[in-house]
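Labels for the chains are A, B, C, D, E, F and G, by order of writing; each one numbers its residues from 1.
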Amino acid sequence: MIIEVVAGILVIVGAFFALVAAVGLIRLPDVYSRMHAASKAGTVGSGLMMIALAVISADGSTAIRALAGLLFFILTAPIAAHLLARAAYKVGYPLWSGSVADEMSLHDPAEK
Amino acid sequence: MAGESAHAIDLTGVMVEASLQPADYLIVAPVVIPILFGALHLMLRNRSVNHGAMAIIGMGLLVLATFGLLQRVMDTGPVTMTMGRWLPPFGISFSVDTAGALLAFTSAVIALGGAVYATATATALEARYGFFPFFMLMMAGVSGAFLTGDIFNLYVWFEVLLISSFGMIVLGSDQRQLDGTMKYAFLNLVATTMFLVATGLLYGMLGTLNMADIWQKLNGAEEVRGPVMTIATLYFLAFAMKAAAFPLNFWLPASYHTPKYLVSALFAGLLTKVGVYALLRVSLMLFADQREMLALFIAWVAALTMLIGVLGALAQREVRRVLGYLVISGIGTMLAGLAIGTQTAIAGVLVYAVHSMIVMAALYLAAGIMARLSGTADMAGSGGLYAASPMLAGAFLILAFSVSGLPPTSGFWGKFVLVKSALEVGAWWLAFVILLSGLLTTVAIFRVWIFAFWRGGPEGTPDGAEAWTINPLGEKFRLHASLTLGVLTLMTLGLGLAPETLLSAAADGARGLLYPLSYIGSAFGGVGQ
Amino acid sequence: MNILLINLLLMLAWGAMTGSFSEINLFFGFVLGFFAIWLIREQLGTGGYFGRATRILLLFLLFLKELALSAFRVALLVLQPKMKTSPGIFAFPLTVDRDFEIALLANLITLTPGTLSVDVSTDRKFLYVHAIDCSDIEGAKADIAQGFERRILEAFR
Amino acid sequence: MIDVNPTIFFLLSPFLAALLSPPLVRLMGASAAWLLALVPAAIFVQLASYVPQVAEGEAFTMGLSWAPSLGVNLSYYLDGLSLVFALLISGIGTLIILYAGGYLKGHKEHGRFIGFLFLFMGSMIGVVTADNLIALFIYWELTSITSFLLIGFDHDRMASRRAAIQALVVTGGGGLALLAGVVVLNLATGMNELSLILNSGDTLRESPFYLLIFWLVVAGAFTKSAQFPFHFWLPNAMEAPTPVSAYLHSATMVKAGVYLLMRMNPVLGDTPIWETILPVFGTATLLVGTLLAVRQTDLKLMLAYTTVASLGLLVMLTGFGSEKAVEAAVYYLFAHALFKGALFMVAGLIDHESGTRDICKLGGLRKAMPITFAAAALAALSMAGLPPFVGFMAKEEIYAAIAKGDAWPAAITVLTVIGNALMLVIAAAVAILPFLGKPVETPKHAHEGPPLLWIGPLTLATIGLASAILSGTTNHFVISPMSSAVAGSEVHAHAAIALHLGLPLLLSVVTIALGVLLYWQLPKLRFAMARSLRNIGWGPDHGFDQFMSGLVTLSASITRIIQNGRLEGYMTTVFLVFGVAIWFSLYNYGELPDLPQFVAPTFYEAGIIMLALLGLAAVIYAHDRLTAIVSLGIQGFSVAVIFILFGAPDLAFTQFMVETLSVVILALVMTRLTLDKTDHRPFGEKSFDITVASIAGSGFAVLMLAVLQVPFDPRLSEFFSAYSRVVAHGRNIVNVIIVDFRGLDTLGEIAVVMIAGLGIIALIRIKGRQPRSEAEG
Amino acid sequence: MEVYLALLVGCFFIVSIYLLLSKYVIRILLGVAILGNAVNLLIFTSGRLTREVPPIIPEALQVPAEVTANPLPQALILTAIVISFSFFAFLLVLGYRSFQDLNTDDTDNMRFAEPVDQPPPPQGY
Amino acid sequence: MDTTAFLELAIQIAMVLLTLSFFITCYRVVVGPTLPDRVMALDMLVGVVIGFIAVVGVKTGYYLYVDIAIALGLVGFLATVAFARFVLERGMSEGDRETGERNVGERKAGAK
Amino acid sequence: MNTVIFRTAAPYLTALMVVFSIFILLRGHNDPGGGFIGGLIAASAFAIYGIANGVAPVRRALYFHPITLAGFGLFLAALAGIPSLFAGVPFLTGLWTFPRVFGVELALSTPMVFDIGVYFVVVGAITAIALTLEERHES
């Protein structure tokens, strides 16, 4: 059945992205860079797996719920990343020493 | 319309078929009434409702319900209500025998007294932040624990009364309360968790939770393989800790002297006794053989608890701390009865439990009045109360005799029956310890009397000591406090002078605990079967 | 208008979640949605929405594309044997000025390649963006301005 | 079975009078005493109506049912012994009530005092008339309690308080021994009623319980009757107002012990131990009492110590148990009640009128207080054992008993003579020193007291004379029936004032001579006694203080160790107890599990378990508490995933939510806390904790393995599966259990949630304070 | 599988008890949280394990088609989770209040109810 | 290859990848070095769990797990928000300041 | 938290989640969910709302004090057991009725009322906790 193949691929790709995000978490140099990995690859990874579930269920309501859930992650993931990055920056967690720019420190000297 | 369904299903052996009478709701009323009232209190928390009056009505109904229940149980033997019609062991049932009903009734009476007292003492702040809901829900937990026939449900009621007690003990949040509550809360949580662990394991072993069903399995033809003894031990320790038996009693002296006096009174009167009751129910009914094997061990725990308790009482200056240790000593006395385990002994435990509920609650209330009068809880720093308040002095005196186990008070009968039962089985040393702890209790409590009451007087003291200042009591407080204290004191005196009703109820309760066939029959027969 | 729209959306969300679009269920969803909106009534402003569905859809498709691309880029980056990064924070000058638009833009930026919205300046003139690759700041700014920001303005103005 | 008899009402009437006294005294003042005295008088009269029949050897039982399930009845037994005692108590009680009416006239707590006296009277009558042993014990303890209240009546004075608690501890403690004795007696005989037990002496003496019963009863009696070495509380009890001393500590309460021994003589007596222990302690008490009496100058104390001595004498005689000794004891008891009661009242009267009781500060009162002097002289002569007083007859009987060779001859005889001689000295001192000689200036200007005060002593002293003169009547109605009851067989008393020629008379003469000699040397004697007591230094009285103080100190030290205020210590103990108990039980009762079979799990199951372990490790190794909190999430999520893997979506659902919410509120709360960076603890402490945790934790695991090896009974779950949809209309079985099958659990659970919310609000909102003022209660 | 979970439960208990034996309130609280999980897992495992089949009756059936996971322990745990969460929340806030008012989260220094320098009991009468 | 077998295999592979991701993400939670790092990793862990749930759903055919995934996304978000606010309110912890400076050096080192 | 991004998104998220929570509540009898989980979701929603936009809007939104809602929930749940009194069956016996409204068969029952009570208790209590803690920060 084609559905099973699609679901299988989605599952593998999703899991792959999850792993990528995890590796990114390890390899990237500072908290801000790591957030890129978590918020993008992580969301895409779990999103794909949710889609796989939607596909395999072959059931309208389940599929719609899976997609609604996906939408929910897409909505919340950037906000979470934003809040965390902002908080970290405001209280002074430094950028990686190899960073090339910090225009935020010029404009908004860490106000609370 | 109940249970109607499109499918034709044979429900024989699954659901109770016969209909029941409204009066059968007495079985569950002691839990439902306080829950409804507690919820109402909370819903109306910002309204200018008279919360005290509501509490009195609620507790009054509770007293009526438990009294009706006690009457009924004494008339007809154990009664059972299977919640949701699901027959045991599938649903939860409340199975009430004399022991449970007797203790439920006694606690309801104390709670009613507490409500009357609270009406005069609970501040607006305390009422706003939940004193009455805490109180009500605590009573729901207490009643539930006395009435339930399901071991997991018992755990739930334990938790209900525990969290309510947390709320009550910390209400006001002064520094001592916070520290006391820390110890009370963490240690009690551990105890309750151990109870839950034991229950989980028991379920894993027997696959059932209904106490009557557990009894059948443990006492059935087929011998249960598995760690029955260890699970019994775990139950014993968990409930011993709830009851504040040595060496698991630390939480009590660490906390009972910190909250409002009324709260201490209710705790001392009700909570440790729930532990004792659970201990009785579980170790006499469910694990009878195991209790037999543990008897000597329990006897040691009992003796140490009695002595450590009373020695602790002798080591205190603060009246409430004296009382806290006396509570512990009393627990030891009851454990002694459990160790002996004969019908007389268990009857003695029940008599002593009822006595101790009344007297300890009353003594804490008396201590509260004493503290108000003298402005300090320190017995070394107060005096002159004998002259200041003869009525209080009289009440305290009677209560002091009662807690010492001296006639003509309820305390005597409990101790007497226990000593008798100890000697009957040849446990000389245990009888000796019971009597010795009684004597030391006399010393401990009469030290309070001597220091706080007899010593000196406001009008001049020949000893050369200073005259004690006495603070006036508010009119409302005086009325409510003396009403509550007076009734409780008269109860201990009344039970001392006319003990037969209590004695025969206790004997009946003990019989029910030791030979639970009628309980089992009721559980599986259900109401309206 | 706006409120009604949200309400209908919530109703549909209800239908989706319960998996039943029967009349009674949708009606119930509408009531629930009404209640939910009532909860946040303070935060609701006014505004028109019709006719923008297409542009919103376009925006959404763009976003999906960017998101996929973004994940792919992260994968490439972290799976390189030797990572070469030059991260940094730049200040993107905002053209959009309504709360909703700023929020949307910021979220879209976060989910797209190599960028992550850190904060909005107190005067709401700049969006601070952390980028994995800060070698060409001006180019990145232009990409955003021409990409998401323009589409947002088209969709919601 | 039980005879309900109007006499019961009389026996209980003092309790009613006790309730009436305070209002009555408030209403009528001191003259209420005249009215109230009718109560004991009525009792006396009612009881006296039994005398003729009892004198003929009859005994009466009557009573009410009380606590039948324990075999406790309010039953009464009237025979020669109990009747005489009850007559003494009610008779002297009548006089004492009158005396108290005058003595405390105008005192703020006058009514309460008389009420206490009545309570005591009722209890004491109960002790001597009770048939039921438990009832006897209850009355016995009531006398201790009421005497506590009476001794401490002047509670403003520390000496009073000390004396009161001392008496309570000693007599109350002895009472507890008696309780045990009574219970064992019941076990040994199966009976509770004295009237029945009195016939079972032979079985009892054979019983293995005999020795135990003996010691327990003796402990009760000796403490109550102030036998050496428990004698010390009695003189201290003189802190009580004099009516109390006169009533309780001479005529009645202290004789309860003697009563008990006499009562038990037929069943417990006539054994070697009885005939050894009682005389030895009795004689010792006699000697100690008289010697200490000599040392005193306070009238009441002198009398008190001689009371101790007299009690010793009575115990000694009871111990001999021979017919003659019993007769002597009964005679002496009767005489003592009369003269000692009178003398105490005299002492009080002197104190009341002159303001002092110190014989060194008194003298020449004979003119000012002629009636008092008369009463004193009559009573003292009886006490001194001179004819023609009943005291003389008693002493003659004693010497007769000894002379009959019933007693161990030499030692006891010598000691008794010395004791009696010293008694004479005190009698002389009490009657002579305050009244004769030159008048001395006293704190108050002395003159004769009101009739309320002198009626009592004069009456008693007169009866002391009359009953000796009418010795035939006395013998018939009092001494013979009482002696018969004590001996357990019929005794006919023949004592008369007529001199017995022979050894008894010789001993009397020696006694008197010795007494006169000693009286002559009294100041020297007193000085010598004082010096030797100083040299001994320690006595039981001092010992009591040391005991009390040591008890408190010991308690404080033990409690400080056990209840050390450290939560950590408490927790450690608790888990150690649980851990050791589990292992011990598993091992000891053979409940250890078999070695389990390890079947390989799937790789992701293994992975999740490892993840959970990793999460746990992370929490422990976290270098600060924040890291620990974040790490907490790992194990929580792992548990949730385990729930998913094993088919528990609802649980996983809840676990995720709860785990996250826990972390969230932890973070919310932690926001405002500034904590030490790390919790440094020495390695030793950590390893101890790890040991404790491992013992307990591994215990749970092994116990669980043992449980898992029992075949599971899935009956409940099968039931739920079968009926969840068809009856309860729900497909999610877990939810159906929650809202239907076990809805009651859920009701309790949500109550917990609600209360937790409320409690948290209260915690946060109520502003913290210093410890609240006690005035808030 | 039960065996592994039993051992895991043991580890949960060990860690939880170790934390409960600490002086510091926050660590004790962590112990409480883990203790709750330990007990839940214990009950879960005691009711025996079934892989992956939740106790939910399919729409088309009146009774489950196959052996499902044991629903009763799940219901019990659900109750227990909720209760232990409530307690945890309460205790957490209690710890917080104690820290605020007693200025420490070291239980050794929280000696207000049982002060270190308690005066000895009075002697005499 | 049978499609069902392919799906089975895909699920097995995804499980392996996800299990790896679990461990790697946990590594970041444990080692930090800073609090925001841990929080971010925890957020990521939630994402991985969501994926895991989806895969379990696919594997077992119980699609009801999709709702759990949605709820989990919600509470995971809540946790991150709470931690972000915690970081913001508390400022940098003492320990983080030390590690941050030792590992990353001066904040504006690379700033233009 | 004063960030326009979060502040703007949070109310919508909240509304969405409340709807979701009610869905979870109502389907609990047949699928995973129920009053407790639903209540937790709703409470989380209010917590997010409170963190993003401040406590006051949440309180105004709820109108009743959350703990009052909890009290109501407990009252409702306990009350759900009482109708069985009039049916002559024991406490907490499930009573069912299946009315048809607009052609759809509805399953109304006392267990459902009970579960709604559970929902209210959890929403009320947890929200009360969260808001109280949050308020502490704002002050």
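Note that in this section a residue touches a chain if its C-beta (ideal position, glycine included) is under 8 Å from a C-beta of that chain, and two chains touch if they have at least 3 such contacts.
All figures in this text were calculated on a predicted structure; none of them were measured in a lab.
**Q** Quickly list, by label, the chains bordering both chain E and chain F.
**A** D, G
**Q** Go through B-G and E-G and name the pair with more C-beta contacts between its chains.
**A** Greater number of contacting C-beta pairs: B-G.
**Q** Between chain A and chain G, what is the separation of their C-alpha centroids in Å?
**A** Each chain's C-alpha centroid was found; their separation is 30 Å.
**Q** If you average the CA atoms of chain A and of chain F, how far apart do the two points sit, in angstrom?
**A** Chain A and chain F have C-alpha centres separated by 9 Å.
**Q** For chain F versus chain G, what separation do you get between their C-alpha means, in angstrom?
**A** The computed centroid separation for chain F versus chain G comes out at 29 Å.
**Q** Starting from the mean Cα coordinates of chain A and chain B, work out the distance between those two points in Å.
**A** Computed value for the inter-centroid distance: 56 Å.
**Q** Find every residue in chain E that makes contact with two or more other chains and list them.
**A** Counting only residues that touch two or more other chains, chain E contributes 20, 28, 42, 45-48, 52-54, 56, 62, 72, 76, 78-79, 82-83, 86-87, 89-90, 93-95, 97, 101, 107, 110-114, 120-121, 125.
**Q** Out of chain A, which residues touch more than one other chain, so two or more?
**A** If we look for residues of chain A contacting two or more partner chains, we find 16, 21, 23, 29-30, 35, 43, 45, 59, 62, 65, 68, 72, 75-77, 79, 81-83, 85-86, 90, 95-96, 98-102, 105.
**Q** For chain C, what residues touch not just one other chain but two or more?
**A** Within chain C, the residues that touch at least two other chains are 13, 17-18, 88, 106-107, 117, 119.
**Q** Contact residues on chain F for chain D in the complex?
**A** 15-16, 18-19, 22-23, 26, 29-30, 32, 35, 38-39, 42, 45-46, 49, 52-53, 56, 62, 64-65, 67-68, 71-72, 75-76, 78-79, 82-83, 85-86, 89-90, 93-95
**Q** Which bits of chain G are touching chain F when the two form their complex?
**A** Going by the criterion above, the answer is residues 1, 6, 17, 20, 24, 31-33, 37, 40-41, 44-45, 47-48, 51-52, 137.
**Q** Could you list, by residue number, the parts of chain G that touch chain A in their complex?
**A** Per the stated touch rule, the residues are 1, 3, 5-6, 9, 13, 16.
**Q** Would you tell me which residues of chain D are touching chain E in their complex?
**A** So the residues of chain D touching chain E come out as 158, 161-162, 165, 548-549, 552-553, 555-556, 563-568, 571-572, 575, 596-599, 601, 605-606, 609, 612-613, 616, 619-620, 625, 628-629, 632, 635-636, 639, 642-643, 645-651, 654-655, 658, 661-662, 665-666, 669-670, 672-673, 675-676, 679, 681, 689-690, 692-694, 696-698, 700-702, 704-705, 707-708, 712, 714, 716-717, 720-722, 724-726, 731-734, 737-738, 741-742, 745-746, 749-750, 752-753, 755-757, 759-760, 763-764, 768, 771.
**Q** Contact residues on chain E for chain B in the complex?
**A** Where chain E meets chain B, its residues are 20, 25, 28, 32, 35-36, 39, 42-43, 45-48, 62, 72-73, 76, 79-80, 83-84, 86-87, 90-91, 94-95, 97-98, 101-102, 107, 110-114, 118-122, 125.
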